[in-house]
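Take a look at the structures below.
Each of the two complexes below includes chain A, the first together with chain B, the second together with chain C.
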Partner chain A sequence: MVDDLLLISPLLIVTVMGLVSLLVGVFAPAGSFKGWLAFLTSFGFLAALGACYMLWHETSAGAAFSSQSFHYSLTLDHFGLALCGVILLGALLATLTAVHYLPAQKSDHAEYYALIAFSALGMMIMVMAADLLTLFVALEVMSISIYILAGFKRDSSFSTESAMKYFILGSFASAILLLGISFTYGATGTISMREIGLAVAGGDAHSELALFGMVMLIVAFGFKIAAAPFHMWTPDVYEGAPASVTGFMAVGVKAAGFGALARLLLTCFGAPEYRDGSAVSWETLIVILAVISMCAGNLMALAQKNLKRMLAYSAIAHTGYLLMALLVVPASSDGEQALNALGGGLVFYLLAYTLANVAAFGVAAAVGARGVEDAGEEAYAGLAGRDPMLAFALTIAMLSLLGIPLTAGFMGKLTLFGELLSSGGGEYLWLVVVAVVNSVVSAYYYLRVVMVAYMQDESAEKPIALLKSAPLRVAVGVAAILTLVFGIMPNKAINASTRAGYSLVHTSNPATYGARVSAAKPAITSTVEPKDVAHR
Partner chain B sequence: MEGSHLLTLVVTLPLVGAMLLAFVPKEQETAHRAIGATFAVLTFLLSIPLLTGFDATVAGFQPDYRVSAEWIAAMGASWELGIDGISLWIILLTTFLTPIILIGSHSSITKRVREFTIAMLVLETGMLGALVATDLLLFYLFWEMMLIPMYLLIGIWGGKERRRATIKFVIYTIVGSLLMLVGIIFLYIKTGETGAPSFSYAAILEITLTDTEQIWLFAAFALAFCIKVPLFPFHTWLPDAHTQAPTAGSVVLAGVLLKMGTYGLLRFALPLFPHAMGEFSPVILVLSVIGIVYGALVAYAQGDVKKLVAYSSVSHLGFVMLGIVALNGRAVEGAILQMVNHGISTGALFLLVGIVYERRHTRKISDFGGIGASMPVFTTLFIIVTMSSIGLPGTNGFAGEFMILSGSFFDALPLSPEAADGTLVSSSWAMLMLVMSIIATTGVVLGAIYMLSMVRRVFFGPIVHEANKSLKDMSLRETLVLAPLIAFIFIIGLFPAAFTVPMEASVAKLVLDTRPAVELARDAERYNLKPQVANETHALGEIRVAKGAK
Partner chain C sequence: MDPNYAPYVPVVIIGILVVGLAAVILLANRFLGPRRTTREKAIPYESGVDPVSTPRQRFSVKFYMTAMLFLIFDLEVVFIYPWAARYSEFLRDNAFAPIAFWGMMFFVTILSLGLLYEWKRGAMDWE
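Entry: the complex of A and B
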């Protein structure tokens, strides 16, 4: 029992931090500076990150909870831990950008930090969830916190509007998710992902009902990860929400959504007839979503003048690239090909995406201090002259999103495309070419940001209103430096994400993993030697 | 192990300088210029041992300068560098031109000097890295590293329409390079079929590809390289980029960046996909000759000196491509020599145009006339460089163009060799090559026409514009910047053998390795009569041997 509490220590730390922030908010005098809470919360995130790191090394590839403490509702594997790490890193850096940004926006309330912690908690549980109800509850914890955060500038109609839009459409998506869960439950008689997988693979499930449930689940997740054509909310919410919130939701929700979706599809519907056999197999659906997302996101981003709105469409395009990672056929776990582990590319790409977006939204927060949600071209034109460091970080972020070498984004695209090409004998070569053509299109709008920051002069009537904030600069700087580090020396990160990928291959196989081991067994069961992977 | 990490040092030194500059306060412009020039000169000095220690008898990469270190072990990519006869002179050209550009832009770049110097140094690392990388991922990394500094060079310090020019430049380049990336990943996965997947050039040379695979991969690689060259009809970004770029940008663009395309063809596209090279040879041949003539004709019609020089680049690079397609020792050596020559003479032309632009703030030919009287030194230097660009005997341009053209004629002969039974076999490739070589030769004449008519209109005749009467002649700094370039125009022109000797072994190996497959694909008629048109004679490019065989 105590062992199990240790295993979920990252979750516990984040929960405690959220509660502390909430309590402090009650007793702190109204109108006082709440920024110090950001440091407290960040410290919590850092501690949780440390706990993840510790668990990563203590847990072997196929770790599982031994007793029935959580009634098999959580899976602890390297895949989950890696994504928790990504989420925590994003949350940590995004929290730091808020310290002086919120007072500047006249919305300095303690609840902000509690909500960030709770939504991070929801995200972390999402990527670990092993049954559908846990998944749903986690998703709601995350979503409700984010709905509130999106409307955190209470006196701004813009912010409120975005929260309202997000809430209504999000509730709709939640309803569809529940519908999908009920259909799947109806078809298989269980909510445990593993047992659903066994039933589906064994032919015990009512296949039409299960297929319907699967499609509903994909649609609901499509909404959360902002895949076209379920993306309509994205630009308005990204633009309306405070920049520090957008930065957090852009990276956190995406990482959590993709983690949960990958686990769900592979565990429950990994059987060949659901994967690529039937007329509505999920591979077909994912391919369609990926192509539409890439093309729609990139084409619409071309016309955007507002940095935050452009990043919203770029988020849709990146959903398209990331969806491609789901198409990789899991490699046999003998670790032969480094680039052939499903999840490896996904994790690394999410890491690169997180860092780039945190930096970009951090800069958007720094220049958007005029009160209104202003991240138009005038807000940062000539930034290079005013603040070379922020301009440089913005450039690194844009180049990483574009996928130029020396940045993490390039290595992410490389691993992703490499994985997809090497699996399935080049079946998806055309999809990679579509993605590459899309990257070319995206060069136009990403480089325009660089152009505005470096090649335009500061507007005379509306000079840049730069937010003076040391924590923000640290967060943006760290994100930019890490982007370069993972772009130049990605060896460790690639090894780790490959290992995460192998653990997903292992834990998502219902036949070999998650059998209800007896309580007598040691706390952590190991089936795959981690060295196999680590020393590839 | 003496000198084993010399290449690493040469490649990274400019980057170190750039990082150092980032910490020097924004206002201290003199310090920025001094640090930039120091690091560029140091890099040049460090690259000299590459030449003095170069073993001309070694075919392929020099074992003394091989560098191999771990980089991304998880993906089979490593820090592998090497230098051979093909890359030697282009590397030296890069390290030689960069200090000249940095010192030469003293008066033309006056705003944001720190950013300018950083961009130039990062660009130098990118160029050098792409030239020495023997790991395809590393090569791609450096290849793309050149893009952003160049983008900033044109975009920040460029002319009025710089925005359009930069976007055009970037989109063209990225289209090519991303498709090349897909090709690189494909090759990488192919190497995984027989062992651990690797990006290493040596490992990728080992794999066998089907003809269809070769054609698609060649298309992906060659598109990236041909855009960079630029081969007609992918050249439209070049005149825009050149006219909008500051002098420094133009010099580095013409001097080194364009050579990346021809170098890439020689280093990667040709040895990796020889069959596809053979299949595509007629197309590339025709396009490069169109480029020679078209570039020359369009240059003749230009009213802007810089645009004229830009179009002349299209024409000159057409010659280089012609030499590569002819694929015999003489032509390929000529092509490499011509790459260096073009870097020197076109670089010098852009510097000279920049000098007069700083004084008159115009580049229109009609705004000048008769300035020979007011700027005698400038005029003398300009005419020397013009002669080199035209290819007057005694200057470097002659040596390169002569080798390329004689090599391409040599490739066309014998037109209809005799088969064993005494019948004459006609070869369509030989006919095409002969016709194209003749047309290309007219390009030399056209070159003289457009360059000399420009010189006449700019420097001679009566002075019609009052402002031209009091133009200041070249300052000491400007003369010193140009002096090394002028010196090399004559050194290469008078002693071309000194420059071709180090290339010979590597070029001969390249031709010997690739020519059979290329010839089989493009010229099966003559290929089947093997002993008569011996492969070795092509490799060495000795016309004497061919005569003896007949």
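Entry: the complex of A and C
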């Protein structure tokens, strides 16, 4: 059972880093430079990333928690580990952008790094959670830390406003999530996701109550992942929060939210009646959310002049694209193939999105550090003349978000759309067409940023207040280089994410999906024996 | 009626009884009792503080700090009591005993670090 502690080593490392930063904060003399804590925390994230990598190979050899240790409240599979990796990568790079950014904002407190570590911890538990209460507690650990981080510039009314808005709407979403959990519990009598799935599939559940719970859960996650029409908080919060926080918030919360949502839908509500059988099946709901998010995000982004606000609307649009990845399961007639497709689409896209966003928000932090507060066009016009490297990284980030070949974003979109088409057999051709049209529309506002950075002149009366920070440049540079690397040589990463999706065969409820309603079940070709699945 | 709801019938009955009884008592008091009101007697807390004041008052943040400190210890107790009640049972299982012990120690350590943080930050200084 002590081995089980090794299996959660990424979580433990991050916890310890958070506690260390917290204590250093009170014992270090007030007003001293806290940037070195960023390196310590980043080192912790790097170690946790290494632990994830180690576990990735370990789990394929069949490592699993012994039953007593966590009482089935955590799942260890490639899907969770891959998303933990994405979250840790985002946290690592976002921490480095803060080293000199925070002192420039006069809010250099050690609590910043503790809160980043705690929210990363919450995110990691969220994607590994195997029962609804663990999921809820993890979500709260993540959310509460992020609420505080959003208001980290305490004397800026702008930042405080964003924290307040996020807190009120976020706690509202949490309440809806709890309502969903209690309805699901009422319908099935259990909080374990796996048992809920079995009860739902076996017809033991009160189906109206369970459906109601499912809708509530989807609504609550819609808030967290900023899917339209639950996106109203996003622009204000992204704009008001310090740029280094927004970068982390944009990537971490989204990865955690999508991981937990995918696991929840596949494990608890994989049964045909909930998946695609009735009028309020999650297939229908997800399609609606995806279309609204894509269109609303892209259309609103067209009008934005502020870099951070534009990225917020772009985050909503990307939520729309990402939601499409969940549709491969109801669309496909072959469960395993669908899970492969889900992993390849979702995890890789999240990786690409994380890298691009960290680079973009890193640049926003660099140009908006000296109290400029917002990253309007003036803040970075003519950036190419002042700092070619940052301007180039910004360009790569924008091209990746837009989905231009040779960037990770292109491979992500290609995989995601391709998988949806091939598993649905053309059923979702219309949705892919909508997504591609939306991507074309998004070219206007992404390329506009590049144009402002390269083709406009620096304004004479308000020159760019560029932050001199080596760690920030390293983080932005690494993110940009990885974006290119994954765009040019995506094979390994796509294989790994496919494998991540495939691991859900073992840890979700494969018996409940794989065949469309009334269609014959395909023969199971995997090496997993059905009995192995049944008593897990 | 759906047989699933049958167990809740007593709950509904006791709900009706509770509301009914309270209503009867209050109404009986109103109709039967003598009433000679003065201004002093009409306020909710007869010998207490004035209950009506402007709501836009500022509270010292100290009160919130105390409330948060209380919450830490309160939650700690909520988790430790059930653990302590079943601890002798845990000890019987040799494999599980160290986990039961060190698990709680881990929890208490994290809580104590939180307390240490609050202490050093000055949450306990009343002045």
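By our rule, the second predicted complex is superposed on the first by the 493 of 536 C-alpha atoms of A that agree within 3 Å, B and C clash if a C-alpha of one lies under 4 Å from a C-alpha of the other, contacts with A are read in each partner's own complex, and residues count from 1 in each chain.
The rule is short, and it goes like this: a residue touches a chain if its C-beta (ideal position, glycine included) is under 8 Å from a C-beta of that chain, and two chains touch if they have at least 3 such contacts.
This is a predicted model, so every value here is computed, not measured.
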Chain C versus chain B on the shared chain A, clash or fit after superposition: fit
Touching partner for A:Phe33 - first (chain B), second (chain C), both, neither: neither
First, second, both or neither for A:Phe172, with chain B first and chain C second: neither
Residue contacts on chain A - larger count, chain B or chain C: B
First, second, both or neither for A:Leu23, with chain B first and chain C second: second
Inter-chain angle, chain B to chain C through the CA centre of chain A, in degrees rounded to a multiple of 10: 160
Chain B versus chain C as contact partner of A:Trp430, first or second or both or neither: neither
Where chain B and chain C come nearest after superposition, their Cα distance in Å: 44
Chain A-touching residues of chain C, taken from the complex the two chains share: 4, 95-96, 99, 110, 113, 116-117, 120-121
Complex contact set, residues of chain A against chain C: 1, 15, 19, 22-23, 25-27, 68-69, 206
In the complex with chain B, residue positions of chain A that touch it: 337-339, 384, 388, 399, 404-406, 410, 414-415, 417-418, 421-422, 426, 429, 432-433, 436, 439-440, 443-444, 447, 450-451, 454-455, 489-491, 494-495, 498, 536
Footprint of chain A on chain B - complex, ascending: 26, 71-76, 115, 137, 140-145, 147-148, 151-152, 155-156, 162-163, 166-167, 170-171, 174-175, 178-179, 181-182, 185-186, 188-189, 192, 197
